[in-house]
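These are the structures, in structure tokens.
Look for subunit A in each of the two complexes below; its partner is subunit B in the first and subunit C in the second.
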Partner chain A sequence: MEKKIQLLIIFVLMSMGLTYGICVQMKTVSKNGTTVNLTSTQSKLKDEILRISEKYDNLFAELEEVEKQLEVERQNSTSNNSNLATLEENIKQRNLALGLTEVTGTGVKIILNDSNITTATNPFINVSDLLVHDGDLMNVVNELFNAGAEAVSINGQRVISTTAIECDGNVIKVNGTKIGAPFEINAIGYPELLSGGLSRQGGTLELLEARGLSINLSKQNSIKIPKYAGAIKFNYATNIENY
Partner chain B sequence: MKKEKIVMAVTIGISAFILVAIIFMQFKVVEKTDRISIDAMTESDLRSELISWREKYDELQLQYQDTLVKIQEYKEEYKSDEETEKLLENELTELKTLLGETNVHGQGIIITINEGNLQNDKINYEDLLYIVNELKAAGAEAISINDNRVINRTGIYTIGTESGFIKIDGKRILAPYIIKAIGNQTYLEGALLGNGGYVDELRKWGFEIQIERNDDVKIDAYSNSLSNKYMK
Partner chain C sequence: MIYLAIIVGCILGAILGINAPMISYTYSTYLAIAVVAALDSVFGGISSVLKKNFDLKIFLSGFFVNSILSILLTILGQKLNVDIYLATIFVFISRMFNNLTIIRRYYVEKWSEQLEHLRKIKAETDTNQSNNS
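Up next, the complex of A and B:
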């Protein structure tokens, strides 16, 4: 008899757990609303995007591997000739500058977030002022380059020569990748100059601060900036020979 | 009797386990789709997202093949130093081109901005920044402002306030501002005009702006020296 009761209690507990799990799941799905209402074409497209983005990640990892190999081969074939070694070093430096390798160095880190002021606490404020916009990020990045930054990233996206900062509804796209607040901007350069340029009187940060945005600027002894997650290729521009 | 009970308990246990596993798998799927934030996209958004992923993938594939070829070239035995030097020079030129250290030409557009007789409004650094950004978004491969090449670490600023002038990478420039860009002409022009395009915006303020399509835009190399002092 006692065993029966024990068994019964176990059953009840199990079904309770299951029901709870199902309920949580249902809530998650209904929160995403659209997931449930997708047409079959939409879900097919979504599947394809997921598949190709996964393939992209895999290929990118492979590319990193062969790029390392290339560097080794290059080093091997230039090791006993100083003239060739100089050329090799020039290639390395340009890969750094282009954003095709991960880099480290001294610099600054800026964390930029939307304001926590609301129209409830201040009804006369312009709601748009309380958000970080594409133009704000452009200004911060530009100010960093004015102060001699050598490498910059926004939420892990390396800023390269073709990097655009675009507004896309309520998110921002950098290198075509969607990112959202808080924004972490890392820059390598001379820390005093970088932070001085940003926080000078009438400068970029002062204007952002006046709007109530949350800003955290810190100098860094060693900061890591990732490489650009793609390939850089020209399709229209070609070199002018004998210009 | 007892055996039957055990069998029942085990069966129920197994089915419960499977259910829980399925629930967790489901959680994971939901999380993953969220990460890429494609849930709320319309069909046409999804299509363009897919196209851009395919383009990015193809470019990466090319880069991959390219790298393999280079590795093979370096590996070849009985190669003289002259041949190695040639390989290195080729690679270096390629990188210099991408960085903006060479003179380039190609199809593109030329934008001319006149301040005209506007009393109070002048072009400032931010206007140029916005235009450059839109050109980049449209895939510009090379850009210059008054013949100063814009590279990946170019900075633009205004000295002083109202009566100030603009400096690009430390060089002073004056109106009229002539911005050259190499890339797909339709994309480049399209990005500046129409819905939210910045040239349209400036025209509303009264600036005189011409956009000329040119099949052979020439853009000079970056003239300052480039060095990496702080990054490794």
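Up next, the complex of A and C:
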């Protein structure tokens, strides 16, 4: 009798293990969308991309962890030394200016989207005018900084001193990361000034609106802007000593 | 009883597997190979039951050792840049087909025997009836 129960338990465990494995595998595959006939080179490339992006995500998580640890360590070591505490405050100020910290404050939020006019309804229109281009984003960001914006982000990408906004086919690259419409631009600053600068007569938004783009500008009491996610590295520029 | 145990195990495994966290893509290749190896030993087990030489120790060791060995071979293949997992899959699947053939033959023969038997009984009753009338 005991032997039989043992046998039953073994069978339950084995079939459980097998179906568990199959289910997990099916879930993983369906999540990563490995479907319809890719050639072997394509599937290999896809495989590689998935692997590398996974590795990148892991490393990124690790980096954030380490940064948090660094913050804690710094606070611990400077907590009972006023001299170091001021230095610590300095570091914080510099990081804020560089865009390496997450910031919050009053500001505006602009959502730019491609026009919903199509060439089917209006055959004489220039198709290029109906899309949001890299130049349009650049103009808006420029206008925001001109109106005193202190922090700007486009679709979660922080705009810092070395940020490039470039055209990359049918998407736009900001900080080397591809983003697509709709574009959500957040800016921290004095809301009246920012929105006034953007929506003045003959200003940036009016020109974009004339092309039929959909624009949604709203003032925000509290807006959150993420930190710059990359590393700022200077290879050629060095400080001049004794300035 | 054993069938019930297997069905309960399958349902439990499916529920757990659906709710389980996804494994990372890098390891999904290994899991796939292990699943194929385990399936191979399951079919091997069924065919050995039909051939009446089933041994639980051999079945269990095949189930686990084959899975682990195939994973190790896959890792070795990736280190050597040879697609060893293709050979593993080839061997396992061809064995699975062999075992499936044995299972199919067994049931087809059983079924045709039964048919034959039924036909005989019917023929006998027919002759009896004609004799009576």
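As a working rule, the second predicted complex is superposed on the first by the 197 of 243 C-alpha atoms of A that agree within 3 Å, B and C clash if a C-alpha of one lies under 4 Å from a C-alpha of the other, contacts with A are read in each partner's own complex, and residues count from 1 in each chain.
Methods note: a residue touches a chain if its C-beta (ideal position, glycine included) is under 8 Å from a C-beta of that chain, and two chains touch if they have at least 3 such contacts.
Not measured: the values here are computed from a predicted model.
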Touched partner set for A:C23, first subunit B, second subunit C, both or neither: second
A:A164 touches, of subunit B and subunit C: first, second, both or neither? first
Which superposed partner A:L7 touches (first subunit B, second subunit C, both, neither): both
Per-residue contact with subunit A, leading partner among subunit C and subunit B: B
Subunit B versus subunit C as contact partner of A:L131, first or second or both or neither: neither
Partner chain(s) touched by A:A181 [first = subunit B, second = subunit C, both, neither]: neither
Partner chain in contact with A:T104 - subunit B first, subunit C second, else both or neither: first
Intersection of subunit A interface sets (partners subunit B, subunit C): 7, 11, 14, 17-18, 21-22, 25, 28-29, 32, 50
Subunit A residues touching subunit C - in the complex, by the definition given at the top: 4, 7-25, 27-29, 31-32, 50-51, 54
Residue ranges of subunit C in contact with subunit A within the complex: 1-2, 5-10, 12-14, 16-18, 20, 22-26, 28, 31-32, 34-35, 38-39, 42, 56, 60, 63
Subunit A to subunit B touching residues, read off their complex: 7, 11, 14, 17-18, 21-22, 25, 28-29, 32, 34-35, 39, 41-42, 45-46, 48-50, 52-53, 55-56, 59-60, 62-63, 66-67, 69-70, 73-74, 76-78, 81, 83-84, 87-88, 90-91, 93-99, 103-107, 135, 138-139, 142-147, 149-151, 159-166, 171, 176, 178, 188-190, 225, 230-240, 243
Touching residues (chain side subunit B, partner subunit A) in the complex: 5, 9, 12, 16, 19-20, 23, 26-27, 30, 32-34, 36-41, 43, 46-47, 49-50, 52-54, 56-57, 59-64, 67-68, 70-71, 74-75, 79, 81, 84-85, 88-89, 91-93, 95-100, 102-108, 125-126, 129-130, 133-134, 136-137, 139-142, 151-157, 182-184, 218-219, 226-232
